[in-house]
Amino acid sequence: MRRNIFIAVGLLAGLGAGWAGFPRAIYSRRPQPVDFSHKVHADKAGAKCEDCHGFREDGSFAGIPTLDKCASCHAAPMGSTATEKSFIDTYVTPGREPQWLSYARQPENVYFSHITHVKRAQLKCAQCHGDEGSADHLRPFEQDRVSGYSRDIWGAPGRPGMKMDDCVNCHRQSAAKGAAGTLSAQAGERGCLDCHK
Amino acid sequence: MTTRRDLFKFAGGSAMGLLLTPAPWRLITDTALWSENWPGIPRPARGEIRAKFTHCGLCAAGCAVRARCVGEQPVSLAGVEGGLCPFGVTGHHLPYHPERLRHGNRPEAAAAVARAIANSAPDRRVAVLDLQPGRTASWTCRRALAALKNGVYLAPEEPACAVNLAPAGTVLSLGAPLLDGWGSPDRVFRARSGFRLIQAEAVESRTAALADQWLAVQPGSESVLGRAVAGTVGLRQAAEATGLAEAQIAEVARSLRENGPALIVAPEMTSEVLAWNLALGAWGKTVLPRREAPLPREWSKAAPVTPLAAVEVGSLGALLIDESVPGAPLPWAAIQPKLAADAVVVAFSWSRAGYARHATHVLPAAVYPEALGDLPPALVAPSVGSAAEFRLTVPLVAAPDGMTDPAEFLSAVAGLDAKDALRQRAAAIHAAARGSLRTYADGKTSAVKDLKFDDFWKALNAGGSWMGEVENSGKSPHLAPAAPIPDAGDPWPLRLSTTQPGAPALVSPLMTKLWQESGLRLGPHRAALNPRAGFEEGARAVLETPYGRCEIQAALDGSVPPGVVLVAYTPEIADIRGADGCARLVRI
Amino acid sequence: MLPWNYGFHWNAGTLIFLGAFYTVLVVVATTVIRAAFHSRRELAAHHEESIRWHSDFHDLPAADRVCRHVLTGEFKHRECPHAFDCRECETHAKLIARHPLAPPAEPEEDILGMSFPLDRFYHRGHTWVHPEADGAVTIGLDDLGRRLLGNPDAVRFPALGAHIQANGTAFQVTKRDVQIDVLAPVDGAVVATGSAAGDWCLRVKPDASGEPAFRHLLRGSEIRPWLQREMERLQLALTAEGAAPTLADGGVPVADIAAGYPKADWDAVCGEMFLRP
Amino acid sequence: MNKRYGMSIDIDKCTGCGACMVACAVENNVPALPGANDRRGITWMRVYRVDNGEEYPDRRSAFVPMLCQQCGVETPCAHVCPQQAVDVDPATGIVGQMPERCLGCRYCMAACPYHARYFNWWDPQWPAGMEKTLNPDVAPRMRGVVEKCNFCHGRYHRAKERAAAAGEKDIRPGEYIPACVEACPAGAIRFGDLNDPSSEVAAARHEAGSFRLLEKLGTDPKIYYHSTRDWVRQIAFAPKPGGKENLHG
Amino acid sequence: MDKDFIARGVKRCSTGRFLLWIAPWAALLAFGLYSAGLCLVKGLNQTNMDNRFPFGLWIFLDLTVIALGAGAFFTGFLLYILKLDELKAVISSAVVIGLVCYSGAIAVLLVDVGQPLRAWFTFWYPNVHSMLTEVTFCLSCYLTVLAIEYLPIVLKNRKLRQVPSFLVFEFELHKLIYVLAGVGTFLSFFHQGSLGGLYGVLRGRPFAFREGLAVWPSTFFLFILSAAAVGPSFIVLTTHLVEKLSRRRLVRQQALELLGRISGLLLAVYVLAKTIDTLVWINRTSPESGFPAAQYYSWKPFGTWILFAEIVLFGLAPALVLLAPRLRARRAWLVSAAGLACFGVALNRFVMTVQTLAVPTLSFDQFVSYFPSWQEIGTFLAVVAYGVLVYSLSFRYLQLFPEERELKMAQAAEESSAELVGRY
């Protein structure tokens, strides 16, 4: 009986460490430089995603906006929050770019074209990025300590899908839905270099 | 009480528990992912991708270049109207070459030059050696030298002519690398299908390999063939010197006359080569008079071009060598006797590999594509209508601090203000209201007279090219007397032949692929020899010429004729290579 | 490897290949798990002693596994298929039925200079069993066993009440740094312990009594040929382990053989003689 | 319709200048490492010098640009890769090598008759500062994996993205050409869709003097060579060691 | 000191002497591990392999070692499936040799791949058409099987078996060992074959390319046959070596002769098959790919002599010796023939790996040569040292030759009777 207790205790300890402790330990967390509220901007300023996260002329995606974009509205405080004031003092006035931490920055070997997905396949931003656009706070940036990947890319359940498996599943589904010869059929599983570089 | 056994049980249980969690599997996957971006693998920068246009400044051909830039940083270069040579393709690497010079003591060099100028012995001269004459910077130097009392402007002397391959029916190339670095490749290859190429060369060069006919002449006898074709030397004498059959030479001469328009080209278009072309009736058809782009009137007071041979021995108190743009250098052995015992030599250079080795002061110069400048008119003209040109090498990246522009240095010494020289010259061109401007971004050509100066200048700075119109007066050029045929003596049993004489001293680190990671080119310090030369592969030897020595390693190659040693062009070789090409090998 | 992995294709090649792979994995895993499961069951049933004997018996040289009927000359060659447990041997039963063991022609207690009283049963691991009137049996080392172990350095008897199994370990004797597990001749519970140097070692209440319970033990006329064979084996073992074969000339073993052959590898000799390879 | 990209290389035009080799290295972030030699270096595009085996002055040379021949049938490398790091994209016919999937067993290199695959014997390295000139469309490879020509797949991505931005369904011919094709000063290399009968390459393959290397192996390479010289066309066949001193690479 | 661990009744040298024997091998192992460590930490630039010679010493020796280790599966097959009970005398030794060969080969393979951290991708994303996938799967499965087969041998150690659970588990596992032998035979069949297929499928290397049955080229079957043929020979060779080194008789001559006979028989079949295969290849397969077969042998030093040596000198000759009962009965002939057979297979593996890569395929390519670097040699020596150490430890502490004690007694009996004869 006694020996079984030790085995059981060990088993529980192992399970606990693996399921509860490990996912916490594997990620390092860093806060974003500024507590930006997507919600406030969407509600008050009526901004849409593409107002700030737009495309360049050649079709490439511009990603996180630079300080110019922020400064075009926030050259002087628009509201009265302390966050905005400190943002202006720290970044806008001295002209210092905030070092945003990109949740969704794909690994170097991944080729991802925003315009193909947004313009051609008509995907909504939230499909991959989740409801970031309506969040009031920026969640901390979590990075896998071993692989160095962002949690969004190489994440846990409950996160928006950005792992290779998620890409593959979506492509497979849309390929299955689409008729042969259409764009959706092109989206199916093909060569590695279709999505890698 | 827990026993050791219990601890084992606990450990076993927890190991089993851990196996049922994601932890071990995740770690296995994570380490595999880590191997994708482990330390030491650089990440390319990301950002907006733009195209910028410029002209390649690595040789006088000045090919039009489209640079693909991430943000401001060029990441690849491509020709606008055709391919580029490998040097041009990798030009954007030069600023990062590990051997690049970054520091120099400019005040000290300036003081030394000032002292040499002040030392006003009447037979003492201050000279500038310009490897690529005809640029605005060259004009600035000439103006500065004219302002100095003892200034001499040294540059390779060439008759003012350009070559137009387009109408040519037959081309006789006397060892010129016509298909391999002779003018801009897009112009050469566009015309290539129109002419029959006869290459007379001892070595089967890249051009010889692709020529319609390759005449394997005796090394050094190319010019005899030229004379024979022009009729200044008898067939028998030519046959003896070249090792070809008399009938063969006669056949070449006949095909040049019958399948015209004909053209004779040589590595340097000297007066003599021009004379042969005149004799063939090529003047005005395939060989055209070349004019400078218009100059501001106030520049007319400029020092004349002096050939090195005309400089008295021991007369140079100061020599400034402009190596900031590559060009065919003069052998140091020919320069050195002209220097006074206490001469100050200042080299403006990218690296210590070239003249910097002999200089008392070395000042780092900006490399292509860091510096703004213009290019001398092209040797190979695109067509009859437009020969003279004005093109800028627009910088793609900013030069680091501490670089010295030779022209600016010299104008400071001479008390000349030449800051706006390029703009002044552009204004002069614009004022002449001739020719047309071509812009690469939109591929448009517009007449200069329709443009405002500001637009003209802006377009030039965005990689535009001005093409003047040729005025073919039909006047024959003034020709210098022909030099005697060099004759190799007994102590120099070999002829030295080099590959690619125009290669810049510093090339992109990636260029080593051509000789280290493949056998495509002869690597530096390698000497190709005929297998019968008595050397074995890899043997080390000293290459000697009347001008110096250099250590090399033998590479056997059946395509190299007996009696010839083929070496890769390097600054060391440039130093010891004489015009006569005499050499011998001494085994170590 | 799994259908949801990227690059997995449902085709014949995959099915055959992975099918074979998984089959192999399953077979190997089943084999190991089965072995583990069986061993757990055997351990729970306390069969380890019997397994140890079977395993040892398996490792004995073929010559040592010889059937008792070869000793008596009824067979020329026969290897015991039952690990010396004649109780389950049909051949033995048949042979016994056909030729009941004749008592020796003359009472022979002194064989080759050693005392082997005929009122006892002998086990091939050199113990004897003497049935007592109360149904218990006394177990002791036979004369050769005693001479081999001489005056033991230490003896470890099982606790009173412990159950011993035929061919399992009865008790442990240490002699000259060599530990010998003496084989138990019968199944039963220990009721008293004696001393290894003394007359008897254990008193055991056997699980069964009567002839069938002792059928696997040697008796009567079997003893002499067996003992002769044992003496040959001893002689060989001593030779092999570095002692001079002095027994060969028919000498009587001394009381403490170990002391007589200080150079012999006593571990090997005892292992050989007490059937503990 | 699926494309089948291919190349046609005119040996009679190649001057062996090496622009394609360096342009390829620039485009694909291939470093030049100090210890690399002609057997350990990485040149997805490698130009060999071949000759007719005669002695001077009868010696004639030619230059043969060698790259992955993009075999279309029983692609030797894709066939042998144990973990699907090599595949033939059905949409383009391009044989792709996925470095992040590769474990570096080098079996594919042993399988390739053209020696067009290269192993990263070292971690990549560039002179200080030069990593700024890396092409963002191609990921640098780590040590221990195999790589090879993929017809500048980064450029294919770029062309597709441009088409998507312009709202076009597909890329137009000429929108996508590999770096070597672009760089070749002699215009010796042509590139296009072999399935498109109007493309230059589709026409070039039927020209007289067109051939493929080791065609008899039956792997259907998509690189067509061309020469009007008989002795040059001999390079299509197996080496003949019994003959004259062999050609040097 | 370690007496309690040494089986009862077998003689082993003193601990000191054993340590003396172990020491140089341990030093060699340490050196080899350092070499392998260099290759792992700094990368494969430490080797002399290159793009033209992507496989080198390691692959050649892996193939050889695995062929020689085939004794484990084949003996197991003969003993447990075909019930040739005489082979019980060598089965444990064969298992240890097999384990050493396979684990060593796999360890070297892990150093040989450029990205060992990703080696598991082969399992996760297998390309089922690749011979290397087959090799990887079968090798790792078979190594597991060998480890399980080795387990009872370890658990039988004198000290370990005193733990009742070990004893019982050993006993129960041993009862089921025939299942493992069967699985091992199946796996070995496929990986020996797929190692042959590894080169045989290389369409781009007409020197190695062979036609065959379904997905398997003829080399697949030739490798199985040759491995099965030399496996027993290698056991004869090692057993003889161990007997000489330990100065003990371990196995009856009959068992070795049986192994020799089986080896000879299979070798003869192999030589016949190889000859037919070579003829088909010369006359059909190779010319059809555009390569006249004669040209491969004009690259020196690989002349036709190598073909002759492989088939006749190291194939037919030992086969005939092993098949002749009178020659076989003599230890010297038996062992020499076994040695020749082993060498022949090594030569075959050398030809398949090294010559295949050395001969050029493109007309403008050159014949290339390659010599391993000290790091490669060191890594291989680590495997040799590891093998010797594992075998030495196993031989000392485990019972590899169950007949050893019996033979010792028999020898004693001979000696004593000789003495008796001498006395009278």
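Note that the chains take the letters A, B, C, D and E in the order they are written out, and that residue 1 is the start of every chain.
Assume contacts are C-beta pairs under 8 Å (C-beta built on N, C-alpha and C of every residue); 3 or more make two chains touch, one makes a residue touch a chain.
As the structure is a computational prediction, the values presented were derived from the model and not from experiment.
Taking the mean Cα position of each chain as its centre, C sits at the greatest distance from chain A.
The greatest centre-to-centre distance from chain B, using averaged C-alpha positions, is reached by C. In terms of Cα centroid distance from the overall Cα mean, chain D ranks first.
The interface with the greater number of C-beta contacts, when A-B is set against B-D, is B-D. Computed centre separation for the pair chain D/chain E is 40 angstrom, with centres defined by C-alpha atoms.
Chain geometry summary: the mean Cα position of chain B and that of chain C are 97 Å apart. One finds 62 Å separating the Cα centroids of chain B and chain E.
Note: centroid distance chain C to chain D, computed from Cα atoms, is 76 Å.
In chain B, the positions touching at least two other chains are 31, 34-37, 43-44, 49. The set of chain E residues touching two or more other chains comprises 115, 118, 121, 124-127, 129, 133.
For chain D, the set of residues touching two or more other chains reads 37, 40-41, 48-49, 84-85, 100-101, 123, 138-140, 142, 144, 248-249.
On the chain B side of its complex with chain E, the touching residues are 28, 31-32, 34-35. Within the complex formed with chain D, the chain B residues making contact are 35-38, 40-47, 49, 70, 73-79, 82-86, 88-90, 92-93, 95-98, 179-181, 185-186, 189, 192, 204, 206-207, 209-210, 214, 216, 508-514, 516-521, 530, 558-562.
Only residues 84-85, 87-92, 94, 96, 98-101, 137-140, 150, 153-154, 157, 160-162, 164-167, 169 of chain D touch chain A when the two sit together in their complex.
Against chain B, in their complex, chain E makes its touches with residues 115, 117-118, 120-121.
Against chain C, the residues of chain E that register as touching in their complex are 3, 7-11, 123-129, 133-134, 137, 141, 144-145, 148, 156, 161, 164-165, 167-173, 175-176, 179-180, 183, 186-187, 190, 215, 399, 402, 405-406, 408-409, 411-413, 415-416, 419-420.
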